[in-house]
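Structure in structure tokens, see below.
Chains: A, B and C, in written order; residue numbering restarts at 1 for each.
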Amino acid sequence: MIAKEFRELRRDRRTVAMLIVLPVVLLVVFGYAANFKVSSIPVVVTGPGASQAATLLREPTFHVIEVNPAAGESVARARLRDGQAVVAVVTGGHGPLVLMDGSQLFSVETAESALGRIASANAVASPRVEILYNPDLTTSWVMVPGLAGLILVFIGTLITSLGVVRERQAGTLEQLAVMPLRAWDVIAGKIAPYFIMAAVDLTIIVAIGMSVFHVPFAGNPAIFCLGAALFLLVTLGMGVLVSTLSQNQGQAIQLAFMLVLPQVLLSGLIFPVASMAAGVRWISYVLPLTYFIEISKGVMLKAVPISDLWQPIGLLALLAVVVLGLAVFRFRRDLAPGGRKQHAAAMREEEPAAS
Amino acid sequence: MTWGLREVSVTRGRKQAIADVTVPVDPARITVLIGGDGAGKSTCLEVLAGLLEPCSGTVFRPPKELIGYVPATAGFYADLTVQENLDFSASAYRLSGREYTAKAAELLEKTGLGPARRRLGGQLSGGMQRKLAVGMALLHTPGLLILDEPTTGVDPLSRAELWRLISGAAAAGTAVAASTTYVNEAARAAWVVLLEAGKAAANASPAQILKDVPGALGTATGSARPTPLSWRRGASWRVWAPDGRLPDGTQPVRPDFEDAVVTATLASERGR
Amino acid sequence: MDALAEARQATRRFGQITAVDAVSLSVRRGEILGLLGANGAGKTTLIRLLLGLLSPSRGVIRLFGEPVTIATRRRVGYVPQTLGLYAGLTVTENWNFTAAAFRTRRGGPLPGSIAAWRKDVVGDLPLGVQRQVAFAVALSHQPELLVLDEPTSGTGPLASARLWEGIREATDAGAGALVTTHNMEEAEQCDRLVIMADGKVVAEGTADEITAGRTVTGILARDWSGAFALLDAGGVAVELHGTVLRTGAPPALVAQLLSGAGIDATVETIPASLEEAFAAIVAAPDEVTALAAPATGQSPR
């Protein structure tokens, strides 16, 4: 029995992949990426005492990206809002004021302890700290926007792929191909219900987040919806793609799982992207969920205007076009072989005689 | 021929699935494709239905709205009720309310699925599931009905009922192309195409195929195989002599349709 | 002891449903018994009883004269409809696994019929070859009784005949075989047939005995499609054979209907085929008496 089971397993490539890939991924993640301590926090220093402050901050935790004596508090706040910096030191006035971006929870916690260290090391009083956007550093405020994305990933990729593969397994896909339906009708008809369900689920999650956990919705809902719609198109596209690569539901689940797991672990949902080692961080930049989380956190917590979100939105739009395009291309091939004529094939469609 | 394949070849991957096959399908007649597994029956029907492009040859078929197709697997939705399945087919073929109600009632009665209207497709027995699939394909009164192994694995009673449905469609003018592995079903067709390894080993009416059996046929008993061109039939052997000379110890016998099919298959095998 | 497998008044109930009702049958050395019946007739349950996968609510089941045990099951070769092969393993690996499970000599040579595919993964082989493999694997431990569930379903006539060669070879060497089938040609390959309906045996005998004396009505009409439509609409079950119609309805009724509609036809009584006999028997089981008692010998065809 044992020998037989091993032999069967050897031939089931997807399961083998999971057996090998899974531990490797987990090892990589927990080795290099899973880290709640952020190692290099971008800081902006403004005000008359900027250069002195910058000297004090010269330690590995902080990465001073801008020293701007001429700028004041409003510039500092602007940098935090558009995400260029996580910490801003405003010197002058009644003493230094440190502004921190509360939506980057772990960076802020790291920064706070680092500041304490610097203050005591230099025998200086701890400066005033104001935490923006998430003043109480509530974890749920940071998780809910990410969870919204997770829901979209599950429904978009996993559940959609199951729905389409079920059709293939049941043999009804062939029948659809023969009916007078355009390939586009079939694809849109299959994807639309999942799109709607995902939208409903998203609304529920956000509503619960706002009512039960008091997560704010500071920004423009329209931007959120745009980001969500684009992200959904990407995940739906991935779901359809998975279905074109799977013969049955078991295979679909395995493949979808392998696509979803990295997103859950490496997109900034749990472990902050900033804390990941550079060698691994590039993975999160490839994952669509990373960009959606940027958008959802930005809109919900920071009321970021669309002008500052053009990058993640643009990237999602591009991904949507590519993934969905590829998915539709492959799916059409399953439905309609026409257009692929080999050698010289003649085909006539005739009207039926009489009746 | 009104519809069908003319000298069609299809290559799938590295294999030649069918080579120069002609399948005539005419209104009010049933053309049956018979052959073993992998002979190319499904390929021919998929080409006819428009699911597959031929590499060479010509295909004649009516527009999609006039084709009814029942694939070898399923052909219906297991998670929908019988009624919902029919509703879906009706809207896919854009049947008007009145046309649909009348035809649906007729089909539900003919298939005996009336009482099971609200049962899920997946909960029906195998025979009833096939009847549902055929019903869905007949709903829009197609000019060409294509059935891929509609009766394989189905019990004899349901099989008879299925053929009544199919014959009824033919009697009403539909052109029918069906594949089967059961010889007695091919014997009932108006035209038979016997496929062996992608080639048409026989392509005529059943009566003609019977007439065309070459050589002589005999029967023999015993445990050992009499000649290389022998096969088991019940407790005895059938012996075929293509040159007409039966070996000693065999009794000549008049071939029936099953014999005709087997000899044609053997002849095709030898020719390869 | 003559019977390899025997059921004596075996009954099996599942709650309110009686799946098998007082069934008696036996499979003897050297014979092939065919089991026919519509879905739900009780064939599968009966097979399960004979294999010891279920125990009877009433009655007696015997394998090789003894109650069913692991030891007696070792002498049975079973091929289910799904073939019972591991699609992910090669032919040789399947062969060795079965040998190990039945504790026969491992690594014995593969029989000639499947040796050519010994390194091929079963899932990649065409169905006809898979069936050959399944059959060879079931025979590998030299069983005295073969139980085959629809052995040639989906294969063409020549491949089917070749499979039957293997079955006959085994029974000629002294084994017995119990075959369930939906296929009339296959039924005619068997020495004896048992027809079941609603859990009971409703007919037994050779194919000739079962069709003896049964007739149907044949109709030859120029306007065959009109005749078909008329009879069909009139609730008469008609079958189309080329352009000839056949029905179980009595010729007088048919002639009346046709002439009433002005359709010119020749109506005659013709012998029934096995399939038609089967349909008639299953439809009206109370009218049928068993055509051959199990204890008497049968003449091979």
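By definition in this document, a residue touches a chain if its C-beta (ideal position, glycine included) is under 8 Å from a C-beta of that chain, and two chains touch if they have at least 3 such contacts.
Every value quoted in this text rests on a predicted model; they were computed, and no experiment measured them.
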More contacting C-beta pairs: A-B or A-C? A-B
Tell me which chain's centre, taken as the mean of its C-alpha atoms, is farthest from chain A. C
Centre of all protein Cα atoms: which chain's centre is nearest to it? B
Calculate how many whole Å lie between the centre of chain B and the centre of chain C, each centre taken as the average of the chain's C-alpha atoms. 22
Rounded to a whole Å, what is the gap between the Cα centroids of chain A and chain C? 59
Between chain A and chain B, what is the gap in Å from one C-alpha centre to the other? 52
Can you list the chain B residues in contact with two or more other chains? 173
Of all residues in chain C, which touch chain A in the complex? 86, 88-89, 93, 97, 121
The answer for chain B against chain C in the complex is residues 28, 30, 34-39, 125-127, 149, 152-160, 163-164, 167-168, 170-173, 181-184, 187-190, 196, 205-207, 223, 225, 231-236, 258, 261-262, 265-266, 269
Could you pull out which chain C residues touch chain B in their complex? 36-40, 126-128, 150, 153-159, 161-162, 164-165, 168-169, 172, 182-185, 188-191, 224-225, 228-229, 232, 237-243, 273, 275, 278-279, 282, 300-301
Seen from chain A, its contact residues with chain C in the complex are 3-4, 7-8, 11-12
Flag every residue of chain A that touches chain B in the complex, lowest number first. 170-172, 174-181, 337-338, 340-353, 355
